[in-house]
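The structure's right below; bear with me while I get my questions together.
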Amino acid sequence: MLDPNRYFDPDPTIRTIARELYERVATRPLLCPHGHVDPAMLADDRPFPDPARLIITPDHYIFRMLYSQGVPLEQLGLRPRPGRESAERVETDSRRIWQTFAEHFHLFRGTPTAGWLRQELVEVFGVARPLDGTSAEEIYDEIAAKLATPAFRPRALFERFRIEVLCTTDAATDTLEHHQRIRASGWSGDVRPTFRPDAAINILAPGWGEEITRLAELTELDIGSFDVFIAALESRREFFRSLGATATDHGVHSPRAEELTPAGADAIFQRARRSQANAADAERFTAHLLMELARMSVEDGLVMQLHPGSFRNHNGPLFDRFGPDMGCDIPVVTEYTRNLRPLLEKYGSHPNLTLVLFTLDESTYSRELAPLAGHYPAVRLGPPWWFQDSREGMTRFRERVTETCGFYNTAGFNDDTRAFPSIPARHDVARRIDANFLARLVAEHVLERHEAEELVEECAYGLAKRTYRL
Amino acid sequence: MLDPNRYFDPDPTIRTIARELYERVATRPLLCPHGHVDPAMLADDRPFPDPARLIITPDHYIFRMLYSQGVPLEQLGLRPRPGRESAERVETDSRRIWQTFAEHFHLFRGTPTAGWLRQELVEVFGVARPLDGTSAEEIYDEIAAKLATPAFRPRALFERFRIEVLCTTDAATDTLEHHQRIRASGWSGDVRPTFRPDAAINILAPGWGEEITRLAELTELDIGSFDVFIAALESRREFFRSLGATATDHGVHSPRAEELTPAGADAIFQRARRSQANAADAERFTAHLLMELARMSVEDGLVMQLHPGSFRNHNGPLFDRFGPDMGCDIPVVTEYTRNLRPLLEKYGSHPNLTLVLFTLDESTYSRELAPLAGHYPAVRLGPPWWFQDSREGMTRFRERVTETCGFYNTAGFNDDTRAFPSIPARHDVARRIDANFLARLVAEHVLERHEAEELVEECAYGLAKRTYRL
Amino acid sequence: MLDPNRYFDPDPTIRTIARELYERVATRPLLCPHGHVDPAMLADDRPFPDPARLIITPDHYIFRMLYSQGVPLEQLGLRPRPGRESAERVETDSRRIWQTFAEHFHLFRGTPTAGWLRQELVEVFGVARPLDGTSAEEIYDEIAAKLATPAFRPRALFERFRIEVLCTTDAATDTLEHHQRIRASGWSGDVRPTFRPDAAINILAPGWGEEITRLAELTELDIGSFDVFIAALESRREFFRSLGATATDHGVHSPRAEELTPAGADAIFQRARRSQANAADAERFTAHLLMELARMSVEDGLVMQLHPGSFRNHNGPLFDRFGPDMGCDIPVVTEYTRNLRPLLEKYGSHPNLTLVLFTLDESTYSRELAPLAGHYPAVRLGPPWWFQDSREGMTRFRERVTETCGFYNTAGFNDDTRAFPSIPARHDVARRIDANFLARLVAEHVLERHEAEELVEECAYGLAKRTYRL
């Protein structure tokens, strides 16, 4: 069911080379410098719940596809917020959720989700039969039985997966208690936080005031001015670094960077504190903070990641009922050349800065991102993100950026997932696609064989290791 | 001349699978849910005119290419509007038009037009020789002779082509007399109208006032207010449905949707009636009508198609001389994520709505359209449209949308043509390209063989059948 | 090291056809209708300097990649402007510059630069060993020895490269003295200037006033008004034509064209003369001049080239220190459909005009450029430019434009380079990629073999010859 040549071009010349290149890196340890695994899982090391609550309910990659074909989210176990219930009954029986999912598994044909899940079922859970409505129950039982055993606890899987480093994504006001517990436990797994202060930066987000209050408590600073706000962020970065963080991350609507005057920044901050800031304020505040965050990275050495261009919670009524991460974040056009210029002019040639750029707008690969990475010493291109984290998406990325910025200005792979058991499958796809891409270059005499052998190692391990300073 | 393996990848593994998949669907009946065939042709069932007036003069896909290389439109038999004649003589001899076309047929090398026409000549008209300046006259005679026979009348071809349903495109004020005559004739061909009220919606279009007058006459409503205008559109939809319509279509500059207040909509309507509306009025009026049209679709079940992003009649002087559809409609950047949000939030999860989105801006495939279709239950992606209705265009579509929204959120094929005898060739290209795309996925072990066999049937027939509720 | 099948698809069917098609044109003379070779080089015909000053220091394609990985420009021999020196020592030893370059040559893996340079080393300089840190010194000596011989002087190489015509790029105020010296020398090489008046058109560029002064001196016109400015440009065009020019070129931020009133144009001109023009003035002035330049081309027959969409000198501090052409020109989104409409409506159907459009924004290939070229008789599509002048870039260009505008609306190849010894390698890549693209079409039965044989000649020679009226 898992063909050893999967994802390789069927041309015999390419396939043979791709297979050989892939096999050089197939079992390399996994570097996971950006993702969304819950650190509590590894701190607690409790058994995973049942198959549906492990694989379906928490994964908006998965349930959105059934929703798109008319399956109510309630039927997949998603529960509306209190007061927002509809006539639709919330399914609580995990077996029935699993059955519904299995009956719709054909919807995923040709998608990465199908490939990851197939590989996860076979290689993690030892499930041989294809998943469909007829096999659902039997497979549920097989997985459930495995999950009850010690070998399927989070830390055991972490080790079995050969994860060398796993970085989580954490709010500026996260206490990192789970990271502290992992460190205190004596377990050798290398789990690190990543500083993602979005909630403190977006002054229009609901709960911003509370986030500032929490920030004040944690830092014991009286955050009455923009300067102290900055000092508080710096203090948290220092704390994150003390627990192993090597990077920050910023999810912004647009990558616009622009330096305000100190008075101008403070004026917006004060309006925001009085809940009087408007959309233009928020945009300029974020733009100014990108400048400040780059400065901080120059000073403290944390790698700066930028994930712009997702219109979050596009389906307002659904967001109102179910909250965020329901599969309705939709990309928008994203502009980097003009927006990032102030930041790059000021910090882009500084040897201390590494700025990893991501995009959901593939038209920027060859037009903006590769030319930027091919000039500014600080810039590295993050791997294809989200919808583009796929066979075709990764191939398009390499095809469109390599000729301008080469391989060495790219940042290696991120699995970017909250679906812990899918991590090995995700890295495996990336390693196969990079091997396949390199194999075509060898077959077309663009690369010598020894060059491809070095590059496949870089793509699987070296680039991520150096980019993220792991 | 027509190789049975045409359009299949030459890799032997892919080609063998592609051929086998294709042969499963090669002779399936044709569903034609969106196109521009003139229903009068099938109502009258008269013999077609000569080859030039059948194939060249009415087809702006074809004559624009000769124009782009300096051949005056008059030389191809196109006649300027009265008072707009130039020194250029209008060719009226169909043989000479055909000869000019044949002498320039090399311009189409590598284009879908060349492929469609070659297949049409061989399979519909039994012409074996390649078309060029030396064979033009002989081929003209061969086709002309065939056209004179009963087997080449429109209805006979309709049946020979195995067309199961053919939907035309009709103005809101079309009397549908031809559709009525077809139904009354006792002929079994299934021909249905599609409700396309563009002329009634674009308040700045020349003739809008007259269109409203005609609408008032046909509906016997006194259209003095926006509310009555809406009632008139609803009345026409009901009439279209009574003659078999299952869909509407809307050609808009931008897919912007936005709900106005009733008073706001009426105010624009009144300004338009007094010829005092401006461009901003027109944009907001269209945006509001998209909301209304979606509401109507929820209520009456007509599938809603949206074809945005064509800058019509880009060459103003040419338009002034020859009118519309002269090959100078040029695409523009199109934005869906923000523009469609109000419509999708309000109606996009309603089980009664099917909204088929088209684009001429391929950068939106992976960035906007596939993510929207992969979330909203109402959204389906229309097939590659116009310039993208081609081997490469269809391949890019599948490559860029499948990994995000799968196959089941796509709408199957539309031939979208006024060139009736080219219909089988157009469906054949689509079936071959889908088979080829699926074959690669099988060869790369992304799909199991049985999955591809089901999917090739869906792409050729099932998806269009269900999407368009045929 | 240079495989004869390089850049051909490894599929045996495609590769065999591609090789045969390529061999038909491999040794055709080179037409170089757009590039940046310094005509003084061919006027003087002095020996080239050492390998570093021939290959590295003048080529921002090359040194930007080392900069992007942290190598200071000074270390590559780039010298800051007086008063802008940093602590970084400027390397003046060409051997050490070459050594640094060689040690970083792996950065170019997969880029066209690697391919061009490899071929240049083997075929021009007869260097057999791969370039890296260990071979750098030996290869330096080999090249240096060759450069000292008469066979490696510019004119000798020009002849050995079989260059049939070489067009340079020259300011409106260039005296063309080098072109005059070439003509006067009796040497048979065909070297022609191209009229590129950017410095006279961009009223905000530093030095615009001086450029107008120089223009006045050269034309002996008192440029006190817009009308005389136009007359001065026309006078220079006439002078360029007298020295063989067949084309103009315009590097603009945006391709916006818009006709101002004579008074409006003059008012901006007067403000510019008083240094009181603003950004909006500059944009409208350029837009109006595009209209004027198109009119002039209609009148004098010079082919008009448009290179829009590069944000020049994006890294302001670097520009301030080192000046232009330092590898930090970054593309921006470019819009053609609306921007060019006034120009195309007025001149786009005129038989005297040829307008060659280039882009750095690949999303416009299928959306805007191919539809424009497939309609307007004046429009031809320039070859993939700059970052897209590469194997993948050229393939994407053909894939995305051919089905809409065919081959005959494209303009053939430009090498667009200042790196003289790389010219044959650049043409060779283009010929190989076109042959490979055509071979796939033959293998997929889209083209007949004889059609591909004609087209490969057109792509290598005929299209450039006719487009540029050489």
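Before moving on, here are some points about what is shown:
Going in written order, the chains are labelled A, B and C, and every chain counts its residues from 1.
By our rule, a residue touches a chain if its C-beta (ideal position, glycine included) is under 8 Å from a C-beta of that chain, and two chains touch if they have at least 3 such contacts.
Since we're looking at a predicted model, the values are computed, not measured.
Looking at chain B and chain C, the chains that touch each of them are A.
Annotation: the chain A:chain B pair of sequence copies touches via predominantly different residues, less than half of the used numbers being shared. In whole angstrom, the spacing between the mean C-alpha positions of chain A and chain B is 40. For chain C, the set of residues that touch two or more other chains comprises 11, 363. Remark: chain C residues 11, 13-14, 335, 337-338, 341, 344-345, 348-349, 351, 363, 366-368, 370-377, 379, 399-400, 402-409, 440-441, 443-448, 451, 454-455 touch chain B in the complex.
Contacts from chain A toward chain B in the complex involve residues 2-3, 5-11, 64-65, 67-70, 106-112, 114-115, 130, 311, 314-318, 327-333, 360-363, 387-388, 390-393, 396.
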